[in-house]
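In the two complexes below, chain A is the common chain; its partner is chain B in one and chain C in the other.
And then the complex of A and B:
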């Protein structure tokens, strides 16, 4: 009785197609923006952006691999943020608080490593717990006071940011002369995440176990969501809270648990960058964009844990490419603009998908039951 | 030549892969009541959507008064004088009756409402057709029957002369249904043409002049109601003979399974109790039915019984154990099965597949999980077994998303799941809501089979036919209280109606 679905009508293929369309349209719009500002150099700049660090392939030596390594290192946190978001999203929660959970992850990573002098496993664990706790707060608001997780999340983002500025602004962490936190490698090398295949990546000292860890996290999420009773329960609660209650599930516990897990992943994301030494924290006036970019990545990846890895790599690739745009002709903000356009377009994945999956030009039937046509489809197939 | 006011000739509407309307012809005579009969998914809604310009048919023409017309959107339909009373009323609760009637075609002068003429017109119509309403009452304060009259007045106010009633009796009491039937006859006598969508055969026999039958998107035929019988209509509708009377032997009640003592539930809307001091019992091997008009505390009572809502007083005992304060999970695993009133809200996770829904309350049992991993093979086997046993049909078998299944099959899936789970008590709320005769017959048979297997069954239903046919004892609920217990073998629909509307209650007291 199983119907053969044509290749292009398969949900997975449609999601993939929609994501690719978004990426391509984003690049085209970016090109148009470049063209409007300076038509002469638009093509060259776009090419430089897309070729990116692969231009080093002509250079002898390990420069290409080294850049490739840094690219991976920088992709990790955005991928993890996307995983955090899609996990909550699959369980029916829009965890915009990932940004704040990421921020408290930064606090824990840096404070524990620099001020307390802990070694990396403890620092990593602290970051995960900090993120989880921030998620727990948002979950409690949602479960017990019915505060929308988006509102609670946004509030907690800012609270997290200010705590972060206060705690990391202290002299134990902040190098006042450079107005950024101390170098981890110089002050507490024990806290650096262990290296991973650094020789292969041209002795890139930032490549750490965070890279394989990210893949493991993605696979675990995939398994939890699709194969376990926990995933079954969380998704049921997300899809239909009332039916979950009817089935005897504890909806409140599930809401909190979802946000705790999501927050833990976001906290871990922070440690994958601040425990590698690739970047030091600077006092910020706004919540780190990582959590928000994670939303776009999660959608671009079709809300699939593996898709999020690919989408995260793409977005980071474009971000890196921005620095290869010729600043003689374009202001440095140009790179950010193009990235923003592309990321913005990523948000349209669901829109493109809905166009692709539309059966034909049918007007919306406001009166019929929602499952009317489907009902008939089913009747016919039987 | 016949005087047809609306003709839909050879309408074909295809959706990808299926034909929802296959060469359907529907001719409505001036001044007649024409019933449109068909199971769920037979194509009634699609046909009406075509008439209202929501779908464009691939083939076929629509004629008004013999002239071909194009209906591209609902406004075109309104201009042609076609109006519809929807199954779920389209009224603004906090507006008055008058405001609701003029909504969408408000008379105004220089942007200021001029309601005086409108009021006169509404009152005139209301007198002419005997549609009693108070133009200044708020919709939320009036009864469902009155709200329906407002809907009818809305159509008349717009001078519609083709009136479509979409399953109008689902929410009414027997008395209100009689009244509606009379109104419909009056309207027809005044020259209005009525299209009456329903799957209740009694009503067709009672008011309709002719009846067109659809089955699985195809036109089966049009018959004169005077020359046909319920049996013929139903076999045309489902394609086989259907039995109306439920075959059942005398009940043979055993031990008490459920005991409800003085249960109270607080109302979420007002300060009074939604359920007040309800006591009764259900024994093994009997079907006890709670009858009543929608909104008299049945939903709240079932909520308290099953654990979906909080209970504010009283005691509930199941198989000798006090379950008053127990969790839903405890009740689920200690002998209670529950076919919920709202299958979309509670009964199913619509975005889950059929197989995932089949284990909704059992996913944590060793049969279906090992070390926290769902045993997909077992789940599939179990789902296929239930689907086969209960004839649940779905496009892609166990992998079908329940959202894409028909209402009847969704309901059958829930009934299958609840009956197969270990239980002593089955709480079935509106188990046949919105289903067609074929599916109703099937579910009724299964419920009787349950009873004969010695299970206790608590049925909550708004359908009086179901109440009368199925139950061994009937409790009538009115304003949150059990006002009477009657024996279905000795009572009449009229008596039941009196209890349901609060006009009569036991212990000899007549209501004020």
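And then the complex of A and C:
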């Protein structure tokens, strides 16, 4: 009986194992980098980065829960971006344009809430539509003009960024004296997403329905990809466009649809942070890193919608930890460095997993060797 | 107008070198999306050398800076080569990872350098290399030319010669079209791909230092190189993976790119009622449109993006 469980769970265990190895090696390499820069304070800073906001556990009261709440709020957009990326990746498209779709989502959510004074359902919808439209553009370039979606996505990222700076730099949105957009809570409280379990998180007023919404989105993606005809068609098109066309699927429509859905999720990600009021937009000179961190999360989560939630929490935890290192010796970008090392290692993870799962796929007799690989996996776990 | 020519020359030099780098890598069968990251590493190494050697004679500065940038670029490209050739990793993912890694690493290293140098008074990611920048400048009448441009021109000629006239280049190209066939006649596919990627590192690193040092005398490393590597990829596609076409494409793109730097100085453009940011958008919009018209019958190397598997049929 035990054999059976380990046989069925094998891919999941592998994914988990591979991701954990990735994360641990990333942290170790980060520590080495800290050590090279300044050997005396490396251990302290790494500890501060890993302990993170849990250092508030010694203080009695709601401070820990409040920080935990803010951590959840900030993890939401990164998880949604990862969902957007993995959805497209499963359908065979590397949607690096998520960063740009996220950026136009920012434009829509802030402009609609501050300049037009709309309430939150409309703002949320506007952000989703804006992201979907940006995804539609890169989908059209891919489907009709055969432009590689990565290149098109990157060009659209920069175009989106500059449009964002133009639109949000206008006096309706931008508080010129602080050089960031106006506070949403003071100017249009209707546009704030409704709260969710705020008392539980030490009266953290930023916790909103975005948190449960993220979980719902993840579950929907899981179902759509694995249980519906639509998901099957999108995946088939990703595997082989010509074969899908031959089987009677509309390949062009499927490519565009994939990027539209992916873009919609990315646009929604932007509204889940800019409609809570936790952050105001500042004029940026480079494309927001959220979409790129989403790539890390998607791959670290083993390209699984639920795995992405866990990986998203982890990545956000590390990047939040960057604030706690000693600025006298290190820069907060240390966290970005660790995250990017982890993404790089993710490239090896797919290789690692394909090696491990290869015998299972090729074999005719399924009972002969699984025991062997299962015990190997267990050994590695120990 | 002089300024426009000057900037166009600089950006063409950058785009030509980096796009040629991308071309060699893709011709060998590896999609190099990490060009941006390679440029950042080259720019960082070159910048650090220019700051550290500010008092040395001009010739020493020039040689050391170029060497450092090229070496750093090649080291960065090794990260791609090892992962994509030996470990068959997803090339798009690795390229993206390298881009992120480079900006984070450059910021951390430059900040660390500044912090150590100034006893924690200066914690910015900015390098100031006026002397290094001046070492490269040659004044011809009103036109300011940089050594960088001359070097780029020489390298372009070398690349064209290498690409069409040598055995090695023919072998590299074979590996990008049909690696199994190349292997069957005794060509070492892995070695050829390593050479292709390392060449892209060499050229990309040089492109990076030119991008930051030819027109500026300071640079904020937390900005990376602002998408120049991706523009170079667009140039490469527009140039149909051929060196002489890439050179023309690069000049065209460079013209649009430099408009955003100099539109203030050109009367009628400045008078137009559009915000300056629009000019920043220009090169990206143009390259999207150009790609839309040229990608339909693009002649990309057949085997690019597919890891070479000796056992595959």
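One rule holds in what follows: the second predicted complex is superposed on the first by the 322 of 382 C-alpha atoms of A that agree within 3 Å, B and C clash if a C-alpha of one lies under 4 Å from a C-alpha of the other, contacts with A are read in each partner's own complex, and residues count from 1 in each chain.
Criterion: a residue touches a chain if its C-beta (ideal position, glycine included) is under 8 Å from a C-beta of that chain, and two chains touch if they have at least 3 such contacts.
Predicted, not measured: the structure shown is a model, and the values here were computed from it.
Going by the contact rule set out at the top, does A:155 touch chain B (first), chain C (second), both, or neither?
second
Could you tell me if A:285 is touching chain B, chain C, both of them or neither one (first, second, both, neither)?
Only chain C; A:285 stays clear of chain B.
Could you list, by residue number, the parts of chain C that touch chain A in their complex?
Touching chain A from chain C are residues 33, 79, 83-84, 87-90, 92-94, 96-101, 103-105, 107-108, 111-112, 115, 120, 123, 125, 222-224, 226-227, 230, 233-234, 237, 275, 277-278, 280-281, 284-285, 287-288, 291-293, 295-296, 298.
For the complex, give me every residue of chain A touching chain B.
Against chain B, the touching part of chain A is residues 1-3, 227-230, 232-233, 235-236, 239-240, 242-249, 359-360, 362-369, 371-382.
Residue numbers of chain B touching chain A in their complex, please.
15-20, 40-41, 43, 45-46, 48-49, 52, 54-56, 74, 84, 86, 216-217, 306, 308, 327-333, 338, 340, 345-352, 356, 360-361, 363-364, 369, 372-374, 376, 393-397, 400, 403-407, 409
Can you check the complex and tell me which residues of chain A touch chain C?
These residues of chain A touch chain C: 33, 37-38, 94, 96, 141, 145-148, 150-152, 154-156, 158-159, 162-163, 165-166, 285-286, 289, 292, 295-296, 299, 327-331, 333-334, 336-337, 339-341, 343-344, 346-348, 350-351.
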